[in-house]
Amino acid sequence: MFGLSEFELAALGLSLKIALIATLLTLPLALILAWLFARCQFKGRNLLLGIVHLPLVMPPVVIGLFLLTAFGKQGYIGSWLYDLFGISFAFNWKGAALAAAVMALPLMVRSIQLAIENVPTKLEKAARSLGSSSLKTFFTITIPLSISGIAGATILGFARSLGEFGATITFVSNIPGKTQTLPLALYTMTQVPDGEASAYRLAIISAVLALLAIIASEIMARKARQQLGKS
Amino acid sequence: AKAETPPTVFAAASLTAALDEIAQSKKIKPQFSFASSGALARQIASGAPADIFISANIKWADWLKTTTSDIIVNEKTFLSNSLAVVSYQPQTQTIKKLFQNENDFFVAIGDPTHTPAGIYAKQSLEYLNLWKELTNKLAPSSNVRAALYLVQSGAADYGIVYKSDALNAQNIHLVDILPKNSHEPILYQALLLKQDNQINAKATSLFDNLSDTDAITIWKKFGFQPLKN
Amino acid sequence: MLDVMIKSARQSIEIDASFKCVQEGITTLFGPSGSGKSTILNVIAGLDRSESSKIILNNLDITKRPTEARRFGYVFQDNCLFPHMTVKQNLSYGSHPARSNTPNRNEVIDLLDIRHLLNRKPSKLSGGEGQRVAIARALLSNAEMLLMDEPLSSLDNKLKKEIMPLLRRIATDFKCPILYVSHSFDEVCQLSDKLILINNGKILGSGSPQDMMTNPKYADQLDGFDAGNLLNVVVKSHDHEFGLTNLEFSGGIIPVPLIKDEVGSFIRLRIRARDITLATSIPTGISTLIRLPATVNYITDVNQTHSYVHVTCGTEVMIIHLTRKSIQSLGIEKNKPIFCLVKSVTLEN
Amino acid sequence: MLDVMIKSARQSIEIDASFKCVQEGITTLFGPSGSGKSTILNVIAGLDRSESSKIILNNLDITKRPTEARRFGYVFQDNCLFPHMTVKQNLSYGSHPARSNTPNRNEVIDLLDIRHLLNRKPSKLSGGEGQRVAIARALLSNAEMLLMDEPLSSLDNKLKKEIMPLLRRIATDFKCPILYVSHSFDEVCQLSDKLILINNGKILGSGSPQDMMTNPKYADQLDGFDAGNLLNVVVKSHDHEFGLTNLEFSGGIIPVPLIKDEVGSFIRLRIRARDITLATSIPTGISTLIRLPATVNYITDVNQTHSYVHVTCGTEVMIIHLTRKSIQSLGIEKNKPIFCLVKSVTLEN
Amino acid sequence: MFGLSEFELAALGLSLKIALIATLLTLPLALILAWLFARCQFKGRNLLLGIVHLPLVMPPVVIGLFLLTAFGKQGYIGSWLYDLFGISFAFNWKGAALAAAVMALPLMVRSIQLAIENVPTKLEKAARSLGSSSLKTFFTITIPLSISGIAGATILGFARSLGEFGATITFVSNIPGKTQTLPLALYTMTQVPDGEASAYRLAIISAVLALLAIIASEIMARKARQQLGKS
């Protein structure tokens, strides 16, 4: 396909799978966090904000090391999860997805929070006055009215997941077919004397993916705005 | 069943090309993971499913031996390497003259605080009495390949990299090989590891044959110096 | 029945208002711009929090309840339609628990003339269309009581006239009382059973529109508006040749422009105080058709130069707005028998 | 002078309207909800693009100009205040190039009663307050012409009465003509020099309000509204004892409730067609103070049962709204001399 | 100060300087791009979108390599800039700032674009109708009304710049005092077998910085919303 080697195809497929799953699983959490930050005042808010945004300021390698310590086979949380649910993040795609999710979370939370803050509280109040519970209001007013922002955030998260490198290679290593995503394959190619051609190809695949994701997000956002009659 | 599965080999990134070729020649398809020796060592210490670990640095191998000694079955130091000075523009002078004459230049090296290549380079430069003069002209990279690319792209004028990297690289010129006695020996150590208290048979055979005659030819082709057992 | 005590301090205004709304019917909140009407509605609906207020609906203290549990239907001053939903979806949004007695969806849609808009988004509606949809949305929300903030302000008279009877029916037939904010005296007169005058956050007085309008105490607040008389009359007969309907009450027969109500039905007739001319004897050669005999009760002053003459006509009490000069020149005084002349074209139902 | 030809098709309505606005004065666009009034204003202001329209202002084709170069001041139906600016900043936002003749800032602020709001943000204004600020912002924008979309809809009568003279002054004294959208006939009568009737995107007719109101062709559109007479009168004297001002015109003297205008000044007096009673002889013992002799010109029909009697009174022409029954019983016919009776409390300036 | 070593203090200072300058210089460009994307339709829009967002999906190392090729001493742009203006990005803080800016740009553009899209066009139209040119409208209506989004984007960019690692270390190396920012120092410490104590300290500094930035952005956003009377 497109003259891609098996190794490149494997990396591409794995990347897509990991980014997709990471994004979809992060989305509900990001929504809840964003809503909390946008609409609620609670104790420890700033602390939670700080924690969520940590992956943004820390070098990804450090986040990878932290994940290794916490979610590794012998990590506090990792061993507990394994004992209880049999879930293991060790050196498999689930771990890669976890790394991608952690790195993408702050970006998604921030974008969604902004979008939610832009929903006029007046309309939420109007919904409440018509008998709608706060949960129903959230799902029928807040979310639809910030959908273009949420879609944008999701694509942003997806793109960030696709590009995730440092935390992934540190946390789940660079095992082809298991944890070797596109960026990791690209890295490997830069380690090989005559890997340039392959590295270029991989870079172009990444770029094309990025472009597709961004254009998709644009189209979705425009549709959403039209829905609101904004343009 | 465990014995049938292909072995997992965690190896320093600088060995990528050579190990790939050796594995092909031996008709086994190990699961490779190439990254920095340090990252791999930590991963193995936290339970990574590696059957063989090849470190480009004795220190990380030693670190692993002390932290998780119970999984190590066998070890061997089987490969050595040398340091090469490379340049962006072709040069005719010796490195000493080069580094003393010019004022405005950069030398890309592996980070001397933690990358093996950097540590060895620092020893050499100290030995050659160039370290002090060069401290402000060094560009320490996170790994040797990055240093090499700095020279390839012309961002840095010179670089001190492994001979194995220099030999196969394009767009650079080999200036000199640093004397072997100017730095500690550059040694690659392979560790054979247990997985869940079992030893992978194919891993054992690969481990044993890392320096057989076929392998030696390949190592040499990529600029490494195989050691006698 | 709604019984509220509202205290709410804002940087610019301090609201301190206690009042009761009528059980079945429409209570109007009337006051100048900025007097706190919308704020009061917001506190009642629970949209503005106000700790020291007390809201009692049907003997239940709902002060602590969240907005959605108060079971009001609120028509906002700006329509507050949901921009991402079609008109139809907006109409179905109301989620109060079902009640036994709700207006018919189709009828509401037709009366508000919004059927052709059902599949549009609010951004594609004109100002008045949006306002009508907002009214319909509240009417169809199963609310126990409606709060309406100038719901008819951007509608033309024709539509207003069609919608007002619907609002009255909602309040009486469907037993869904309405608290209505308006600055149009026409609306107040035609709709309200109780009028609450408010200024600067305080209640100046309240009572039946008729009482309020004729009370000199409130003349200043109602100045510039058309005080009026509301008569309960019965349809006597239709005169199709001249396009007149004859209405009867204890004081006599009143011909008005033809109306649709059936013979025998009871209706409410508004005659503005200023539209009545007084005469000491029945004049001839004059175009007014209505000539009701009455007796002067007393005279109150609107201001230094204008007065209301309070008369008894049959069993009804009416007021007539005259200049002092006229009163003087006609020699009007207590117990004097007089005739009330009204042009029938000035009468509207 | 504004001369427009507007063609604009929307999914729901097709607008095709050409009209001219008066040079000095107020032109009113009057039509039911959803008839395309706001759309027309938007096209004129350049906010809705419409390729096939043509907008000519003072003999200059401005169709291709961007909005900001058209030099209109637009009061939107929803106030469109800038939420991040104080009222004061909103008022100073207008950036049209200075013109020789602009209303005084302080006067506008005081007349619209918004001085106490100057430092507030729009979110802290009531509905009516926001509307007043929006009017002030447009008035102070140095516009060559004003477009106003139901600017007074959420204001109480008292404020309306204070603001309307200001608008007239802007249009005449400051030579800044106004295109005014309204559904209130009161406003139309008191403000407009030209009335344009619109329905479903098409113009039904246009002319002076007086002509339009008395033209049976438009009776249907104007049904439910109060046709009226506009008389140009001069203040003759003030009668402080009875609180009356005597106004004079060619047809006689009209006493009205005391007004502030100085003796000798010219004003416009509105007498609604339905507030006039006709009499064949001067009646006695009746409370109406105004009795103007007049001659019947002709009679037109409003509908099947109601008619306008057109009379000449001095040099002025007036219309009187009567039922056919009255006309018949009084035997009113062409050239018959009659008397117009008006209660002075029904007159407002 | 706070028991930090000279080496740590140097990294902290350098990081702040680089992130600050990168953010401030990127802001105008981000504003222009965001406005273009939010309000204009032009040819090549999607291509430009893709290019701007590339750093988001590519592994940072690849961006670093690209920067080397383009802005290095011998790079097309790099050599040209040096010849014309004497500006060199080679192994100095300017290069680090450039890397940080390139990585932060897509995040900032995206956030600002969303914020601008949320400004009601009706208000912009109202401004135009009052005689305001499109430029004046942009500065007096569009920007102030999206200021909370812009502030958020700036902080996000700042945080991202603070945390930038892969592109920086590839492009300008890891020279203490010159290009060794906090994340690079932190990374170095994690690579030294006995560097844990220092690594922890650096991680905590990073976390505190992140927290401060996020809290600052929250406070700014809240102020901005209050200005708009939204809450």
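Letters A, B, C, D and E name the chains as they come in the text, with residue numbers starting at 1 for each one.
Rule of thumb we're sticking to: a contact is a pair of C-beta atoms (placed from the backbone, for glycine too) under 8 Å apart; a residue touches a chain by one contact, two chains touch by 3 or more.
None of these values were measured; they are calculated from a predicted model.
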item	value
Touching chain B and also chain E, the following chains	A
Distance-maximising chain from chain C - centres being C-alpha averages	B
Interface sides of chain C and chain D: same vs different residues, half threshold	same
Inter-centroid spacing, chain E versus chain C (mean Cα positions, whole Å)	60
Whole-Å gap separating chain B and chain C, where each centre is the average of the chain's CA atoms	91
For chain A paired with chain B, centre-to-centre distance based on mean C-alpha positions, whole Å	34
Sequence positions of chain A contacting 2 or more other chains	61, 65, 187, 190, 230
Residues of chain D engaged with two or more neighbouring chains	124
Residues within chain B bordering two or more other chains	149
Pairwise chain contacts, counting only pairs that touch as defined	A-B, A-C, A-E, B-E, C-D, D-E
Chain D-facing residues of chain E, complex	122-123, 125-134, 136, 140-141, 144-145, 147, 227-230
Chain E residues within the chain B interface of the complex	61, 65, 68-69, 72-75, 90-91, 169-170, 172-175, 187-188, 191-193
Touching residues on chain D, where the partner in the complex is chain E	45-47, 66-68, 70-74, 76, 80, 82-84, 93-97, 121-124, 137-138, 141-143
Chain C contact footprint on chain D (complex, rising order)	11-12, 31-34, 37-39, 77-78, 116, 120, 124-129, 132, 149-150, 153-159, 161, 183, 185, 223-225, 239, 242-244, 255, 257-258, 274-275, 277-281, 283-289, 303-306, 320-328, 330, 332, 341, 343-346
Complex contacts: residues of chain E adjacent to chain A	37, 46-47, 49-50, 53-54, 56-62, 65, 107, 110-111, 114-115, 117-118, 120-121, 148-149, 152, 156, 159-160, 162-163, 165-166, 183-184, 186-187, 190, 199, 203, 206-207, 209-211, 213-215, 218, 221, 225, 230-231
